[in-house]
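Alright, structures below, take your time with them.
Presented sequentially are two complexes of chain A, the first with chain B as partner and the second with chain C.
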Partner chain A sequence: MSFKVELIAMAPEIFLISIIQYLIIYGVICTTSSYLNYPILVNNLSWLSLQVLFFLGLLTSYNPLTYTLTFNDLLILDEFSIFIKTIIIITTACTILISVKYNHFERINAFESIILLLLAVTGILLLISSFNLISIYLAIELQSFCLYILAALNRTSEFSTEAGLKYFVLGAFSSGLLLFGLSLVYGFTGILNLGDLFQFLCVNPYNLHIINGINLASLFILTGLLFKLSAVPFHLWAPDIYEGAPTTITAFFASVPKIGILALLTRFAYLGFYDIFFSWQELFVISAICSILLGTFGALMQLKLKRLLAYSAIGHMGFMLMGFSCGCFEGIHATFVYIVLYMMMAVLSFTFLLGIYRKKRLTRLNYLKDLTILTNSNPLIGLSIALTFFSMAGIPPLAGFFSKMFLFIVAIQSSMYTIAIIVVITSVISCFYYIRVIKLVFFDANYLWVTLVRFDREKSILVSVITTFLLCFAIYPLPIVYGVQNILYFLVRNQFDLFYT
Partner chain B sequence: GYFPLSPWVGERLLPLGAVVGEMGVSKDIPKYPCIYPNPSFTEVTKNFRTDDYKIIAMATLASMPYGYIAGTSRLPQMRVPSMVMAGIIGLHGGFFIAYQQSGGRLMGRLANDNEVKELMTSK
Partner chain C sequence: MILDQTKYLFITTFLFLIGLSGIFLNRKNIIILLMSVELMLLAINFNLIVFSVFLDDILGQLFALLILTVAASESAIGLAILIIYYRIRGAIAIELINLIKG
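Up next, the complex of A and B:
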């Protein structure tokens, strides 16, 4: 008897996979039924998927097992993976919630988009739990295939088709590099399991043949993973794909897959390959500096909102990689606090993008200058946008300031003074394009009264909750900061436990 | 090597001398007495308490009205199918939650006084 503890430990993933199959059958039968008058099920499936995510969250958070290896060490369940999975489920639920009205206005009638989103989430959940090089690659591919199709979802739009094709070609190339790196690791060590790899590298630190081989392999692996994170110099796909894909899918791209890849990088760099971490550190530092610089200067020139957010995402990824490159516990602590707060700000910024529609012809905001309509039409939304962008710029006392401050302190404590100085200067420069948005909303007078479609209830609740949180983080940051610290403590403790057993 | 078997098949091949191994290893330290360190599907489902069945029933029944109104305002003909689908989702979700709770009690991760009295004394 073998399939025992897996049903308990991996219950969320098994539940999600089985429900996806039921939803596919439900969607196909109902949409092709003449009796039901060929209904369009996107809206209905969006709400059902929220129910699925609710149960998924319960199964993940209230799992009685907190440290289990399953499927012959292919997948691991620990507090770190539970925490990251919870963030992903909440962020995905927010993304689906803000997409309901958008799908209706933009006539996105394919219910398969929701199924693909759930499949991508399955891939990401499996990626976070992956403990074996093969399962890492399979999970990344499951996630990536769904995202390629989602980028090309709007079949009537040339931009969307172009975005999907670009993403597929470049993503497949980076997956090939990743697979080559993983195969080199296996070729040099004969090991696929991350825990065994850590033990092996600890025992053989001076075997130059193996260490040089692992360094070469890690270069390919990092190339593949940095591509998925849209970090410089592998970022070129991001602005075009963010702009071409439907905005709800862009909201998903900008947030959820990156958390999964960062969690995987944490296991790789701080569990499997920590012994050779300092040969990776240079690549992380260079990528971080270039991402922050390019994200800052690239966004300065942008006139379109989605491209601005794409470059902003590249810049924020640079910040996360900066914390990651410190090579210490405090570094990944600061990175994950930044991730939690960035996810909220990303969801919020896309909520505004998706929620503001002109009533005449239902045109949405595309260009930065369109924001001037908010001055007269909806100044409260303008105020929320102002708070969000102030937070993203790192203006105190909002949450974004504290997340950046933790990263700066950690960089200085790790003696990375150069990167800290560059980051401070670029933060000041990046304030320009965030505050330009606020200037457009409040100070560029627009004498036209434009009637906007009423901001719907779901988005209003989301905006009010997250904006309040960003404001109040300064008063009581301990739950997030200490919560993340405790979770990462378990990651480190389990690492030593795996080594000594 | 390990040969993965479905729960139903694996249990029935054991008397025939099938060599099956454990795919999963739980490294959690039990907080309560551990009855089965690696309970099978049959053992967990046999251990379902009234509370577990209540969870399944409540999850299913609460999901159905949600499915009835979930995105069906413009599709009145979809209200009943949506209700059924939501009920199926609730049934599955409730079953997995109950399975986790029952398995956790057997593995000593959750309070299991009743299981200790019934199962460990009979062992």
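Up next, the complex of A and C:
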């Protein structure tokens, strides 16, 4: 009865939890000491957490174990979870990196925001590793609670508290629905483990009493998860929350929790409930079509930048659900390539939102028209914005085109012609609002030139690395495409192992 | 009348639906919304305990105990967010939550 294997397998999470406790004690002692003159520790803790995330990335990717079920089948460690954890750690590090100067500008002085970000990352890491319905629910709740508090971080702003309240209601409601589905799964089968559920459904797929119950349960589970992904028809408050929350927190929860929920959805749809995938497929297709349509037509009318990015996130989520609905290995391959590239583009778009503010009255970017004629003030920013938004629109030879192309090829290969045609037409329409941003930055006339605060060093490095990557993806896509394929192969191999055990 | 599993499940499902409709049909204030969320979680707890008794499996009761803990902390966070919202706005009526729209 030794926990040696658990210590090695779950070393990243155990390390992160211990470091968070240390950072809390350090923060409290230092900020309340009159000897140090009550310092503001947000900046300090941001750089400390970047160091923590660096070590966490090393611990995650250089794990000596391959396929391990730890804590009595509660948490699983396989190559898929290692890969997703690495993506999450890198994206979180980018998010914290771009928020350092903005916290100073916006006077977000509570060091607890960094602690809550790290706790949310803990929740997401546990969610990705989780193999049991209990740990899925507990990890989702840990992540969601930290995000509720983070959305309401700016206590003196009406928008922020309203966004926090809306996010809390949305999250509590969706967790309730998800939990009802999980309890029905337990009730109809007596199984709490995803691997056992897969074997159970393989053995008796024709027992109508159980299959009807499982279908009802999976409806509730899928509804709860689609709420958290802000897919249609559950997308209603996502633009409000994105607009109201502080922009650094919006950058975090537009990118990172979605990867976790998508990884969880992969485990549900392709491992736990794979035998009844046909009933999930219909829901995925409907949700994907409506998400893309509504994301596009909603974003056409927007005047504010954060709402535009929120609606475009809904559209991109529709693309990912389209990749999920194919049911074959190439489907999840294309989806995860899209996820990796989309995370880069999302982080980039929020970098511009956080880095551009005017020197004269220190106004930040709220409306689209604040972006006019940016190129005269800072031509390289204009070029980077052009590359980012062209990539999000899907213009070749940038990376976004290839990610969309893989998804279309997979959809047509799985004979889903209707959804492919609708999505192609809608993605042409969605080009409009991305290219409108580029037109504003380059060509619009404004008789007053603006002087911007200098785009600082961390953001500059991030922008240059990611735009170079987006440009060169066409020449050298090998690391991402074959890397994802190798890793998802292990997901299929483990399923095969479970089937024959 | 045989008191079997489905009679108990009627109760839990109706409790869950009452909590669900409490969120949708709420036009008064946010505290009713928080109470409805708690009612949903309570119904799910009952559901799990009923299933645990009829499946003769202890894991349902374990799951229910953990959900109880999480529900307590969730209501604490909800009330905290409600308090900071009230400090800024001065009211908790539902129809006044319309600053961010579109």
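What we mean here is this: the second predicted complex is superposed on the first by the 499 of 501 C-alpha atoms of A that agree within 3 Å, B and C clash if a C-alpha of one lies under 4 Å from a C-alpha of the other, contacts with A are read in each partner's own complex, and residues count from 1 in each chain.
Here is the rule we use: contacts are C-beta pairs under 8 Å (C-beta built on N, C-alpha and C of every residue); 3 or more make two chains touch, one makes a residue touch a chain.
Just so it is clear, the structure is predicted and the values come from calculations on it, not from any experiment.
Novice: For A:Gln199, using the defined touch cut-off, is the partner it touches chain B, chain C, both, or neither? Pick first, second, both or neither.
Specialist: The answer is neither, since A:Gln199 touches no partner chain.
Novice: Check the residue A:Gly190 against both partner chains and state whether it touches chain B (first), chain C (second), both, or neither.
Specialist: In the superposition, A:Gly190 contacts chain C only.
Novice: Going by the contact rule set out at the top, does A:Ser279 touch chain B (first), chain C (second), both, or neither?
Specialist: neither
Novice: In this superposed model, does chain C or chain B come into contact with more residues of chain A?
Specialist: Touched residues of chain A are more numerous for B.
Novice: Who does A:Ala172 touch here: chain B (first), chain C (second), both, or neither?
Specialist: The answer is second: A:Ala172 touches chain C but not chain B.
Novice: Looking at A:Thr86, would you say it contacts chain B, chain C, both, or neither? Reply first, second, both or neither.
Specialist: A:Thr86 sits against neither chain B nor chain C.
Novice: So, A:Gln413: does it touch chain B (first), chain C (second), both, or neither?
Specialist: A:Gln413 contacts neither chain B nor chain C.
Novice: Kindly classify A:Ser18 by the partners it touches after superposition: chain B alone (first), chain C alone (second), both, or neither?
Specialist: Once the two structures are laid over each other on A, A:Ser18 reaches chain B alone.
Novice: Which bits of chain C are touching chain A when the two form their complex?
Specialist: Where chain C meets chain A, its residues are 9, 16, 19-20, 23, 30, 33, 37, 40-41, 43-44, 47-48, 50-51, 55, 57, 59-60, 62-63, 66-67, 70, 73-74, 77-78, 80-82, 84-85, 87-89, 97, 99-102.
Novice: Where on chain A does chain B make contact in their complex?
Specialist: Contact set of chain A toward chain B: 1-9, 11-12, 14-15, 18-19, 22-23, 26, 30, 36-37, 39-41, 43-48, 51-52, 54-55, 58-59, 62-73, 100, 497, 501.
Novice: Could you please specify the touching residues of chain B with respect to chain A in the complex?
Specialist: 2-7, 10-11, 14, 20-28, 38-41, 44, 59, 63, 66-67, 70-72, 74-75, 77-78, 81-82, 85-86, 88-90, 92-93, 96-97, 99-101, 103-104, 107, 109-110
Novice: Considering only the defined contacts, which chain A positions touch chain C in the complex?
Specialist: Going by the criterion above, the answer is residues 133-134, 137-138, 141, 145, 148-149, 152, 155-159, 161-166, 168-169, 172-173, 175-176, 179-180, 183-184, 186-187, 190, 192, 239-240, 243-244, 302, 307.
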